[in-house]
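Consider the two complexes below, in which chain A is the common component and chain B and chain C are the respective partners.
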Partner chain A sequence: MMSFVNVSLKETVWNQYCFKLKSFYGMFRSIIILQVIAIGFTSLAGVASTGSGSMTISFNVQYYSADAVIAFTMIGLFINGIQMTTKPFREDDFVFVTNRLSQNLSNMAFLLTVSVATGITALLSRNVIEMIRYFLPEHSYMQDMDGPNTWYMVVGGGIATILYIAACSALGYLVGSLVQLYKGLVIIIPAVVIGYSVILGTQEGYIMGKIWAFYFSEHHLGLFAVKLICTIAICYGAAILLLNQKEVRNV
Partner chain B sequence: MIIFPFIFILLIMLIWVANSWGKRKGAGFLRDRFISIFLIVLIVSTVMHFFLPERQLVGGKIDISTIPDIFHEGYEGRIDQVDSQYLLKEWTFTPKQEMIQIALPDELNQSQPQIFVERIKGLDVMEVGYYRTPVVLTSGLDISGYLSEPRLRFEAGSNQIIIEDTGYTVLELVALKREFPINQFYLDQHQDFFEGPLAERGDYLFYLRIPEQADVEAQGDIWIEWIGEETESE
Partner chain C sequence: MISCKHVTKTYRGTTALNRLSCNIHENTITGLIGRNAAGKTTLLKILTGMIKESSGEVEVFSKHPFNNLFVSANSILVDDQMSFANSISLYELLQQAGRFYKNWDMDLALRLFDYFSFQPNAIHEGLSKGRKSTFNMIIGLASRCPLTIFDEPTTGMDAVVRNDFYRALLKDYIAHPRTIIISSHHLDEMEHLLEHVLVIKKGKELLHIPMEDLKEYAIGLEGKTAVLKEWLGDQPVLTKRTASDYAYIAVKNDFDTEQLEQVKQQGVKVSPVSANDVCMYLTKGQKGGIDDVFRQR
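Then we have the complex of A and B:
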């Protein structure tokens, strides 16, 4: 059926974005469930332990932080990024007048929104972990080894967390887009990821090490933000180019 | 790294379960309010954590380069020149015989005390000094306040010094750590943001000044260093 209503791209994207916020609410909930599970694991077992000593002292430290919550959120958003490109999710867009570009832009906006929201909840979950530990019967009250967080640390760390999560969702979206074009990648990508992970378990991974250092060894927040924003833009840009090769309703 | 694929598969399954829970009829009240409940818990926890008592490790910041090497000073016979703040405790005993025994209980063997002995002309008593440098974490935090005090006892009958406590302390800490996206930018550059703190310095020694004619014999895992003499014994 043809429509004679002239709808701008901006309006279409906005309508689809609002629609997705309501209808893909479950995606946000699934990330929150992952965060709750991570909070549970962390509160009981901690995220790491370390020991050191000298002639006069031997000390062991059991660490608690929201690291696992952030990591689970990153992986969860990566998976959700892939999910966004799958048939059931793309079908929903056709209740609106749409094209590939508006579909992709609204997906991007939605994933970025979820990244921001879950990034904030992931960082705040540190306080929940602290409370749980405080009220546990053995009362293992936590020392703040690194000192208190100042407001600029919280803001800077929050931005970095959101960028990490957004990058993971963008990467997931790119992977999902690749899979939509070349179905064989459903097998190849997990095989490569698992295979490479196994190799990394036995020897030093050169490429992965370089990628790791590129992001995790950047100590300047501004440069880090530029790197991550470029990565996100490249992933979404590539995904849009890839998916534009398909017919609009070729789901 | 090898465990990563399994975590990944587990998370995919969890997301699938979470999504199916969202679609299932009858999941009802909890499903619809799950996020709201979680947000309330987050907000309450955030407010409450401001009311928790002080969580800092007790101790000031210290520049590790200012801490002297007491072993080096001891070997060189210059222990007197070490700042008096590092001389934590002193004892004076009057030996009854020339041969002085030093004993260490088995449970303290792991702390392997080092004892420096110097014969002093004209000295009638035996002076024992306990020197200890602060234990400093990589961040520069001085945690010496957690160390125990050394204890010595002199048994006149057997002419024996018994080291009851070398000051060695085992500390079990439960710590809150900054998240890696914060540590990446705000941790001291000499620290790895995935690693915990290391303890540095925290050396100790017992320095004995004995009468010229006296001798010292150790029992247990004690290292004796004679200052100003050729002989060494363990």
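Then we have the complex of A and C:
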């Protein structure tokens, strides 16, 4: 007689997490490719420039930073978050041992891992950009402006960047979950978000402005981290509830 | 082991299962037989927690299977919809399966893998239909789950592989008894495997009997139409074929030997009806035969 086996949720999530690190390796790769593209753009064109001159002298200031790389990473993780909720990804787990909760938890762990890893590479890309600039012919004088120069800034900036990226993936996961429940949201969500920001984004004090201020104008690192971690937790929590009754392999 | 009570499943208005009830006992091989769209796949997916019943009670190992880790860890559904990650090779898939299924037998998996000459580096998506089925079957056998379900496992397999599969299944079942459910259209090929047969029609159970009983479920009578008519009266017939004043009729075998002797003396030939034919007669529609479609044109 075949003996029954008992598995714990923790064990299953861990197994699924290890499985995903192996099988969803392509996600890391796609983000790294995005970052390389962003590094290329930034090194060649800068993120902003200003210039002035007179009869005898002229100068041109170009700003370089890892901002574009971080932005690309955020967009990439948002898309990956959505992708994780699509049918083929959901069904992959169901050939092995799983339930919906363990699947969502392992997806979350996987997305957080990708966020941390790609967040670190995004931050390090600043040095790569500086190095490329150094070797480009038109380089004349380079000044480190407001780059991180204390440990607090390095670590704090790093944590903030990773939290932004993780929040993007969590938001993507939530949006993807909503779409899985009702396909019409594929059109409705972008329409509402874009429409809303066009209508209200220009007017101070409206909801969009407040959301912006809530997430992007927080100066206290601790408070900022709490805000972002809560947002991430709410997104995943909502996604778990939404997907908990979702059927698989239902032709 | 498995108990279903009045299980109903509807998909957007169509009823796939209609108050189906059944009990399947531990350590038996049950064949699930039914026409296309009879609800076989739906039932198997409910048993493994892939989908959720609309109403009724389902219990597998005394637990409700939907979202249940214990049921998932102790059961496997092998079908042609198994979605394996395409980023990793077949060999790695076997390794990963071993991570999840605690009873996993890697030795058996590798022996079968080798016997069916799979390339370790191949990707599941790149396999042909029959090869996919063969690979899925290896996963199903090697996982050694107390409840192992095969839904149309032989899709696309050639005759040689099908025979190998039935043999492998039987050998592994004898060595490691477990509860196995197989749904298939090839009842004649797996007759020797099955202990029980569950026949379903239009989402409802029709018959759930031991294989031995199914083989004797019906008899075929061949003789003059008038004689047969008089002898059978208005007893329901399973199938009827007529040619001038001769007829072949299959009926449920409720006769004793004496009655059969009598009818033989009246020039009627009595023959057994194979299990496959019984299932075919039981599950065919009420619309007559395919011949009727081509008549009157």
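By definition in this document, the second predicted complex is superposed on the first by the 216 of 251 C-alpha atoms of A that agree within 3 Å, B and C clash if a C-alpha of one lies under 4 Å from a C-alpha of the other, contacts with A are read in each partner's own complex, and residues count from 1 in each chain.
The rule is simple: a contact is a pair of C-beta atoms (placed from the backbone, for glycine too) under 8 Å apart; a residue touches a chain by one contact, two chains touch by 3 or more.
Worth saying up front: this structure is predicted, and the values here are computed from it rather than measured.
For chain A, the partner touching the most residues, choosing from chain B and chain C, is B. When the two complexes are overlaid on their common chain A, residue A:G26 makes contact with chain B and with chain C alike.
Contacts of A:Q245 after superposition on the shared chain: chain C is touched, whereas chain B is not.
By the document's definition of touching, of the two partners only chain B reaches A:S65; chain C does not.
Once chain A of one complex is fitted onto chain A of the other, the partner contacts of A:L101 are limited to chain C, with no touch recorded for chain B. In the superposition on chain A, A:L9 makes contact with chain C only, while chain B stays out of contact range.
Using the contact criterion defined above for the overlaid structures, shared-chain residue A:A160 touches chain B, although it does not reach chain C. Of the two partner chains placed by the overlay, only chain B lies in contact with A:T56; chain C stays clear of it. With both structures placed on the common chain, the touch criterion links A:P88 to chain C but leaves chain B unconnected. In the three-chain superposition model, chain A touches both chain B and chain C at residues 25-26.
Against chain A, the residues of chain B that register as touching in their complex are 1-2, 4-5, 7-8, 11-12, 14-15, 18-19, 21-23, 31, 34-35, 38-39, 41-42, 45-46, 48-49, 52-53, 55-57, 111-112, 132, 135, 137, 139, 143, 146-147, 166-187, 189, 194-204. Against chain B, the residues of chain A that register as touching in their complex are 25-30, 32-37, 46-50, 52-67, 70, 72, 75-76, 79-80, 83, 121, 123-128, 130-131, 133-134, 140-149, 153-154, 156-157, 160-161, 164, 190, 193-194, 197-198, 200-202, 205, 216, 218-221, 224.
Across the complex, chain C meets chain A through its residues 11, 26-27, 45, 49-52, 61, 67-70, 72-74, 77, 79, 81-85, 87-88, 92, 96-97, 99-103, 139, 144-146, 176-178. Chain contact summary for the complex, chain A toward chain C: residues 1-9, 12, 15, 18-19, 22-26, 88, 91-92, 94-102, 244-245, 247-251.
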